[in-house]
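Next come two complexes, and both contain chain A; in the first it sits with chain B, in the second with chain C.
This part shows the complex of A and B:
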């Protein structure tokens, strides 16, 4: 009797701990914890891991993924998906390069490229809305088309020789003694803080959770879901264009082979960060931690003597583990 | 036949049938190509086309079954790579050919079983499960070979992909037999008939007593096995194994299946449609090569055809309200 009571009390306490925090907090917190543990383990073995220059390298390598993940997070919250980012990313790098080579001033070239990214996003949403097809298929079609277009407009060879001022977006930065803190990191930080804040506090942006959680009731309560999705996919396309412009500046070249499998890497990061492909859940903080986690895994494998080829295995296993954990949490709370 | 109110009666309007549209397109393109270039109708070129499409066809057939079950399998390209690497490495180490093939296919079946287990029994979104498997399988293939080619395969093994009957590679016949068998099974075999039901409404299917989990798992195993078979043909034809075989093949397979009439919403899909779609894409690709056009345009064409297929679907569904 005593035991049974104690057991019940303990169960209640367990459930209390699980219930006290939202699912999102638990998932993001768990991911943050995993990152800290992983960092400590790697740091103990490789003392350079957490040095500022190395952290800088991690940031620079995964900056495009991090910026694209901002848009992807919102897309996934609305129960959508955007595969076309892996096409827009090299496309915008090429377009901005060609426009500058054609003699347009840098700001004009950039604005036109951002607009091109937004237009592609609008086309995604249009196909998905108008023909009532899953965004996976609509954006897959656009991805395939863009990949071909990228090769055709470049003739398969890289575009290079951009004006000097363009370097500011991906190469130049503040000299920190030993490494350069690139301005592009601030572009990412600004965008992340902005979208993170809006997604948490702004009424219009929060509608994405409503639409993703229950599209039918969102529609019934008078929200123009189709128009909202146009906005969301345009945002995702524009952010992919931002990433493309940064990478073109970083390498001072644009190549149609940029961004192979990038879409799936970004989706993996966003899902590890707690977003639900069924819609209605996800956060910018979680997605950024997801990107950071993947960046750390790649970096650690590159640093260790272990074959870097293991990184894909580990990333895949982490994805499955995080999903299983999320499912288990959900079930215990239910 | 049960008639559902609101659904268009497909038997009456031929043009509503996806396969007929695809067949007409194939006919038109074939006529155009044979008029434009005499090289098109040469037996050598036609053999080249059907041989080249075999891998895509096998994978698209597997994908059709998975899509039918309201699933998706992003891991097929990686499973192809892993099977290719495992089989060729075993052969290189002197394993008997049947054993190497058996173990290679066993590995692909295992990948499919893991996918299926996560999807069917743990109820995790197939997109995520197979995305994880995509990373893991490709990663293992890379680790096993350290990025090198695997060559030095026995001649008897190469004969599988390079051997010919009436000047047509064996693998083309095998793929055709697979198409016929699968088409018949999809029409007549009970578990696959039930797959249509599962894809349309899994919960209702479960309540009717259909073994949803088991059939779903079977679908994923089948899909992986098709990728594995493609790997056997590919490695024996090219006389080598490489960890990057099948890179990006998953999206192609999905596109072909959807052009052939499958939907990401489950419950539809046809073997004939998928086969014709793969053939159509192969023909267009061939046309670009023959006409000295940019072969790079093939992605554009594939995406374009996918958009057209989407539009035709929307037209067909216009009087039904979804969502």
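This part shows the complex of A and C:
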């Protein structure tokens, strides 16, 4: 009898702790903690790790992933997936370059490239909606097609020699003494803050959680799910194009080999950040921390001289850990 | 005054199959109008047309005398017609308030949600209907019963003039049903027209002002409860009469099949002791949440228990998984067939043999498909599952036939003891009678059967003895003349 009471009291206490914080808070908080611990350990061994120039390098290296993860987060919240981003990314770098080389003004070339990214996204959604194909298959097909198209339109060699003004998006920045804080970091920051805020507070954007949580009930609530998904995949495609334009500017060149396995890095980061591949859960803050975590690991391994093959082992283990944590939390609360 | 809602000569076909044939139906403001009929009679189709989900082929819809033509659920709701869906239209990962006001959230500038007002609005809504539900709790943390109330609150929040409730009580406990009926009475007093679709005639007679009966897509009659009787309604529904709704009771042997001693798992259940005899149907009654399902799942090995013992035919068992239970001969027919019982996208055949695949495995683990086909064919026949094609996917079957297949699946495992949890939830009268008969046949063949049901008439009509649960304990074991609705309720609630 006393056992029973103790058990009940313990259960109530557990429930209290878990209830006080949302699942999202617990997951994002756990990830933030892991990042801090990891950063301290690396810093103790390599004092240059947390220096501003090195942090800047981390940001710049993973800027495309960070920008693309914004769209991927929303896609995953709606219980979808977008593999085509890794095709759109080099595609848009090439397209913006070719348009400029063809003599179009820079703003026009950029707008057309963004539109191209949006169109590819719309095609993803159309295929998946119209033929009831899982987005995994639809976007995988588009990824493969774009990878081929990229080689065809470039003939396999890099596109380069862009107008001077184009450098502002990926190379130029504020001189901070030892390094340049690039404007592209501000583009990412602005987009992240905007999407993060909208996803949390805007009526239309929040519908993504309903669609991912229970598509049938979303439909019953009068949401036009198909049309909404067109928006979501267009957004994802456009953001991938933004990343592609930045990288073209950064290297002053566009190469069809950009973005190998980028889709998997992005999905990994988003899932580590607490998004649920079954839909209905995820946050921009979590995804950005997920990207940061991966960026830190790659950076630390590059610095340490340990075989870089180990970095994938660590990233994979973290992915597994975050999934197990999420499942455990869900079960405890149920 | 014109009726709040009137449907005139509605026709609807799906392909060549005519589902509704010249159906007319009207509900007045302040009236509770029950719509009954067997599954497949066209009730849901009619309501889906009124609620804007399907389009009609012919006919007219009038809202207070004005012709309307809702294109989708959303439009219907804005016109003042709200359907409370059988499959809840709520999203479990969002809060109660977000669910209720999805797409209608109060906003500040630029479409940003005003969270304070959102929660306050939901709170006000719950106060209006007199229930205590937290607007900021996740919907998934509430029971199905409470979710049903939230769903109804959502319907009300549209200032609905017509509310259509499709099987609203199928997942509710008796006390939740009472609460729902209280809410319905309030709505009625406010002049809301209510269409109440239910298989439970007891409830229909309790709440309805008028009853309309659909059979095979045609309206066969409208009557008032006072001028009719459940027997007459059943006759109208099926076009024939049932002399007796329940099969005759059987002969219970002395041999004990299943012996449960002092089974406990605090805080869910305590000191559960009973014995199930050969050829017996043992009913378990009690409110939802009294621990009935938990005990059944513990016996089946799906959940663990802290202390106590279980013996099958005198042999003490230590079952740790459903697999071991099935091997020993204990089978559990689940409460929620869609979630736990059936593999919806797989064929009937695969489902029927899925609990007993071990019997059909040859050398090197290769399945013996001929035997599987033969067993499945026999099961389809024995349980009268229609259409008689075991290569159809379970998805495509009606609720009653799905439930019959679930039963067939359990039987193919050759059980010694069958635990049937809500075996007829959500199925129509015809299928119900067949399921009852199948359970009784099983008992007559020497299987011990436990039936857990929230429908008192079912427990009473089917069982040789009745165990009543209350708050995780057995409060009474009734037999013979002691089994009555009043007696069961007395032990269930106090």
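Keep this in mind: the second predicted complex is superposed on the first by the 323 of 334 C-alpha atoms of A that agree within 3 Å, B and C clash if a C-alpha of one lies under 4 Å from a C-alpha of the other, contacts with A are read in each partner's own complex, and residues count from 1 in each chain.
As a working rule, contacts are C-beta pairs under 8 Å (C-beta built on N, C-alpha and C of every residue); 3 or more make two chains touch, one makes a residue touch a chain.
Fair warning: this is a prediction, and the values are worked out from it, not measured in the lab.
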Which of chain B and chain C A:195 touches, first, second, both or neither: neither
Touched partner set for A:147, first chain B, second chain C, both or neither: first
Touched partner set for A:310, first chain B, second chain C, both or neither: first
Chain A: partner with more touched residues, chain B or chain C: B
Partner chain in contact with A:221 - chain B first, chain C second, else both or neither: second
Touched partner set for A:299, first chain B, second chain C, both or neither: neither
Which of chain B and chain C A:281 touches, first, second, both or neither: second
Which superposed partner A:210 touches (first chain B, second chain C, both, neither): second
On chain A, positions contacted by chain B and by chain C: 216
Interface residues, chain A side, partner chain C - complex: 3-4, 7-8, 11, 201-204, 206-207, 209-210, 212-214, 216-223, 280-281, 333-334
Parts of chain A lying in touch with chain B, wherever the complex brings them together: 81, 83, 127, 130-134, 136-138, 140-149, 151-152, 156, 215-216, 261, 264, 267-268, 271, 277-278, 307, 309-317, 319-320, 323-324, 327
In the complex with chain A, residue positions of chain C that touch it: 72-74, 77, 85, 87-94, 98, 102-103, 105, 107, 110-113, 115, 140-141, 266-267, 270
Chain B residues touching chain A - in the complex, by the definition given at the top: 72, 74, 118, 122-125, 127-129, 131-140, 142-143, 146-147, 248, 251, 254-255, 258, 263-265, 294, 296-304, 306-307, 310-311, 313-314, 317, 322-323
